[in-house]
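The same subunit A turns up in both complexes below, where it pairs with subunit B and then with subunit C.
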Partner chain A sequence: MNHIALKMLMGDKGKYFGIVMGLTFASLIMTQQPAIFLGLMSRSYSFISDVGLPDIWVMDSKVQFVDDIKPLQDTELYRVRGISGVEWAMPMYKGLLKARLTDGTFQTCNVIGLDDATLIGGPPLMLDGKLEDLRRSDGVIVDIDGARDKLGKPSLIPGGQPVALKVGDSLELNDHRAIIVGIAKVTRTFQSQPVVYTTYSRAKSYAPRERKLLSFVMVKAKQGQDPAELTRRIRDNTGLAAYTQAEFMTLTYEYFMHNTGIPINFGISVLLGFIVGAAIAGQTFYNFTLENLRQFGVLKAMGTSNWTLLRMILLQAVLVGSTGYGLGVGLTALFGYLMRHSILAFKFPWQLLLFSGTGVSLICVFAALISIFKVIRLEPAIVFKG
Partner chain B sequence: MTNSSLAVRCQNVLKVYDTGGQKVTALNGVNLDIAQGELMMLVGPSGCGKTTLISVIAGILDQDSGCCEVFGEDLLSLSNQKKLAFRARNIGFVFQAFNLLPSLNAAENVSVPLLINGIKRVEAERKAVAVLEQVGLGNRIKALPSELSGGQQQRVAIARALIHNPKLIVCDEPTSSLDHETGRNVMNLLKEVALHQDRTLVIVTHDARIFEFADRIAKMDDGHIIEVNKINAPDNLTPELI
Partner chain C sequence: MKIKYLLPILAAAGFVFAIYTVIKGNKPIPVAPAVAEPASAPFKLFIAGSGIIEPKSRNIAIGTPLPGIVKTLSVKVGDKVKIKTPLFYLDDRDTQAELAVKRADLAKAQAAINEAQASRKDTQSLSDLAEAVTDRRAISSEELLRRRNALQISTAKLKSAEAQVQQAEAAVLSTQTTLARLVVQSPIEGEILQVNIRPGEFAPAGTLNTPLLVLGNLDQLYVRVDIDENDAWRFDKNSKAVAFLRGNRNFKVDLTPAYVEPFVVPKKSLTGDSTERVDTRVLQALYSFERSQLPVYVGQQMDVFIESRDSSGNEGTGL
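So, the complex of A and B:
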């Protein structure tokens, strides 16, 4: 009877294509919108995830998220270094500074100052130049997206694309000359500002004069030292906040979730996508069963049991569901791939596949159940009605 | 006539439909016996209860009261599962609108009753081809219903009703969608191929042109059998049935 179920499903190619397309569209909007949302939210902590070496981030106890800088005195670095279980502790400056471009306009940049000696906390991938080149006079490293776009030189053709900055070009950061010694690839941040890496001491000279300029202390735990235990010890001994990398990412993510309108605004769009997708998929499959109700009635009259009809409908639901889902997530993945070099935020983790897969399965099972209910209640005597 | 030679015995069968709070009596104490090997036609005006009666006889509708025995089985007393199995084994259907599954070809459509009875697909389709040859459609086994004429579709439906060798075939207006000649061909086919001493045919029809094929004709009106006329019934059919 499975053969008959499949033939009933695929016999009318146009109808079958319509059902699969309905489910494909449902899967697409159920995965694409959340993927953009996740991509956007992951940008909130992308700076933290890009810095791979330290186990623990130490900061002022009032810091709420990664861009909420409340500077520390430089002496805090030495206090942290003095705590047992700390392998090393390095300073980091992080602040927003204005860069003056060659056409005279200003662009706010995220300036990162790295420990002069070790350069710990540098960009994850160098595309041109070397990290060590930061030691050269006035050297800075600029992220590729910033270099191409917001920090780019004016186009030679009116209205054309900006000309990307390259190694050897110069910038003016807060009235200080900076020479580009490298181009790096970093994950886009939430505000998508250009990222400029330099040394800690040079960053302090670029920054406006303040009594305290140390943004974070990055800590590596000694081998065998439990980072969670070490964070507790740092907190107890210094009164500062200390988080493991994962905790700091969560803190930032939670801040954006609870204190910005993004989750609500985007969440509504995701929810609507899910509901619309569910409605389309459910309605499409339910209509298919309704159209075949007479055929099910004929099978029932000829002695097919409800259990067999139920199996047939479930088989049809599983087949169209999995085909539509596969095509839908495939299109979402293709969309993400094609947009990978654009400003669009996109993150497609396996959990999202599971989420949308569960969603599509629930829709199909729900639609199938309503259809099954209809078929089970079906009087086989309808076959004698004209 | 003994009970063992009866295919169908209906006694005081009552069926009332509840249509939106309004009670409609479709069968109002129907009494009818149909012998094995007989071709019985049920005739009467629209709404007289013919279709309801064959639905009860075929076991796809339960009467409200009275008894309907088919080959000695009181269908109302059977569990759903047993009734399904009984229908699958013993009853063949021919419908006015053919009711072939549009996405299955002729051989696949004919094989459906065997699949329902648990026969493997290859074996079922092999038998289907043989039955299609018997009804003169050996050259159209791969044709979809949409590629067949009305007469050919009805022949496929007859082949489907025959393939599992049921003891009773119920036909609902089998010729009313067909022209006169095709209708006669279908009736000839039913009489020649479907009807034999172990198989009974019950045909609901309005089509007076095919009355001559009947052994007996039961005329219905207002939920009753008002008369039963002998047409071609052999003398050995007991007079008390008439």
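So, the complex of A and C:
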């Protein structure tokens, strides 16, 4: 019987392609759009996930997300350091400063100041130079995307690609000289500004005069110390906000969820993909069943049970469903692969495979259901009619 | 291959590729290790503070009593000096000239004494002659009076000349003191930590942002620990304290309490910037340590941890 079902399905190539294509596009949209959405959202907190060493981030209690800097007094560092359960606490400066490029244009950069002695919080991957080189005078490390593109030197040919910055080149940061001692790879951030790493004291001299300049205190909990308990203790003792890395990522993510139109836009795209996919696939599948109604009638007249017929239809649905799903996620992966070097945000976690799988399954169940009703209510006598 | 099987095969390939992308795309980001392991407190409850190394004598910013051009510098950085060792000489040409004038004045005053003495001798002998005459009629009383008065006048002139010599001598001494003040000497036995003047430069008198010379006794070093005023109530000066060298936490030393300055001062951000910002007020505690245990220099910053008692208690320690 399964053989007959497959023959029925694949017999008409046009229809077969039609159904599969409908499901493929539904699956593609339901995978690719959320992947871009997740990619964008993960960029909102990519800075936090890039800094892997500390467990806890301490900041002003009114900070809403990672780029919302409300600086602290320098002595807060020592107050946090003096809380029991803290293995170490390090300062970090994070701020937007203007860099003046060789051709005279200005570019806003995300300047990160790391503790002078330990350089904790540095970029995850160094492509050129070493993190220790930051100790050299006026040394800064820039990220590769910034060095290639936004901070790049003007091209020798008019209109050409900018020339990437290399180790040894200089920059002007807020009227101070900065020498590039390393190139790093960092995860792109939401605003995609060039990232400039330097030491905390140098960052403070680059930054405009302000009374408070300490953006974050990064804390490592002592071994065996419950981070949740420690964050509570830091909050109680200092009155500052303390979040574990995951909590801070969630805070940032939630800010973008509630304060930008991104989730609604992508949610609508995904919903449209689902509806269009359901409509096309459902309709084509239903049409296909209608056309094969005669054959089902013959089978029914020959004494095939409703149960067998139902199984046949389900088999057909599962087959087109999984084919469309496989093609859809495959195309999404291919899309991500082809775009891997571009500015596009793309993140494909395993949960997304389940999500689009569920979506395609729903479409197939819906399509199969309307066909099944038709076939079960079918009178075998129809074969002999007209 | 039949076209109808192509789609399922493509779909299977697509699914496999998607799984590959999922696995490959979600690798955890590598964590940048710390360049130097940060120091961590060896106590359960503790106060953390930043410390700065200073000599027991503190850093003495040498000033000059008189402003002037530096003539010669007789020490260099790192020199060990004793008390009263000359550090630098200011230009003294005008004072030397003045001294010569004052000495000439003295010589002149001394010459005036001789003159006054001679004159007194003269009037004395004339007066003696007149007094020796026994017959009052042989000399007029006017003549006698004149000679007596002349003697008194010349005696007074001699006294005045002697006072002039004293004045001239004092003037010479005063100029000599000025001359001595143009040589700046070491007030203590110690080591030259910094030299900010060179011969030919003008050394102004008064408080300077950049001291002319910095001097300190390095026999014993102290670490001056800033304790945030918010933590000051937890501080007990007799509890254990450990200092770690920045950059390498393997260099650590146990501290011995020296004294606490019972005056809370505004903390400056130790940026080294000319306009250091006042953040909060800090209690400063001083600790001594075995110098041989640490390769430290004066002015270096250290991470200091001081053990504290139960933070939930509400009784502080009286100083």
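What to note about this one:
Operating definition for what follows: the second predicted complex is superposed on the first by the 385 of 386 C-alpha atoms of A that agree within 3 Å, B and C clash if a C-alpha of one lies under 4 Å from a C-alpha of the other, contacts with A are read in each partner's own complex, and residues count from 1 in each chain.
Going forward, a residue touches a chain if its C-beta (ideal position, glycine included) is under 8 Å from a C-beta of that chain, and two chains touch if they have at least 3 such contacts.
Computed from a prediction, not measured in an experiment: that's the story for all the values here.
Using the contact criterion defined above for the overlaid structures, shared-chain residue A:294 touches subunit B, although it does not reach subunit C. By the touch criterion stated above, A:8 is placed in contact with subunit B alone, subunit C being left untouched.
Of the two partner chains placed around the shared chain by superposition, subunit B is the only one that A:303 touches, whereas subunit C remains out of contact.
When subunit A is checked against subunit B and against subunit C, the one touching more of its residues turns out to be C.
When the two structures are aligned on the shared chain, A:78 is found in touch with subunit C, with no touch to subunit B. Residue contacts after overlaying the shared chain place A:379 against subunit B, while subunit C stays out of touching range. In the superposed model, A:121 lies in contact with subunit C only, and not with subunit B. Of the two partner chains placed around the shared chain by superposition, neither subunit B nor subunit C is touched by A:69.
Within subunit A, the residues touched by subunit B in the first complex and by subunit C in the second are 10.
Taken in their complex, subunit B has these residues touching subunit A: 51-52, 54-55, 58, 60-61, 81, 84-89, 91, 93, 95-97, 99, 101-104, 108, 112-113, 115-117, 121, 172. If you check the complex, the residues on subunit C that touch subunit A are 3-4, 7-8, 10-15, 17-22, 25-26, 29-41, 44-50, 226, 228, 230-231, 234, 246-247, 267, 269, 271-273, 275, 277, 279-280, 282, 308, 311. Residue ranges of subunit A in contact with subunit C, taken from their complex: 10, 13, 16-17, 20, 31, 49-53, 73-75, 78-79, 81-82, 84, 86-90, 115-125, 131-132, 187, 201, 204-205, 209, 211-212, 220, 222, 237, 319, 322-334, 336-337, 346-350, 352-353. On subunit A, the positions that touch subunit B within their shared complex are 1, 3-4, 7-8, 10-12, 294-295, 298-305, 308, 379-381, 383-386.
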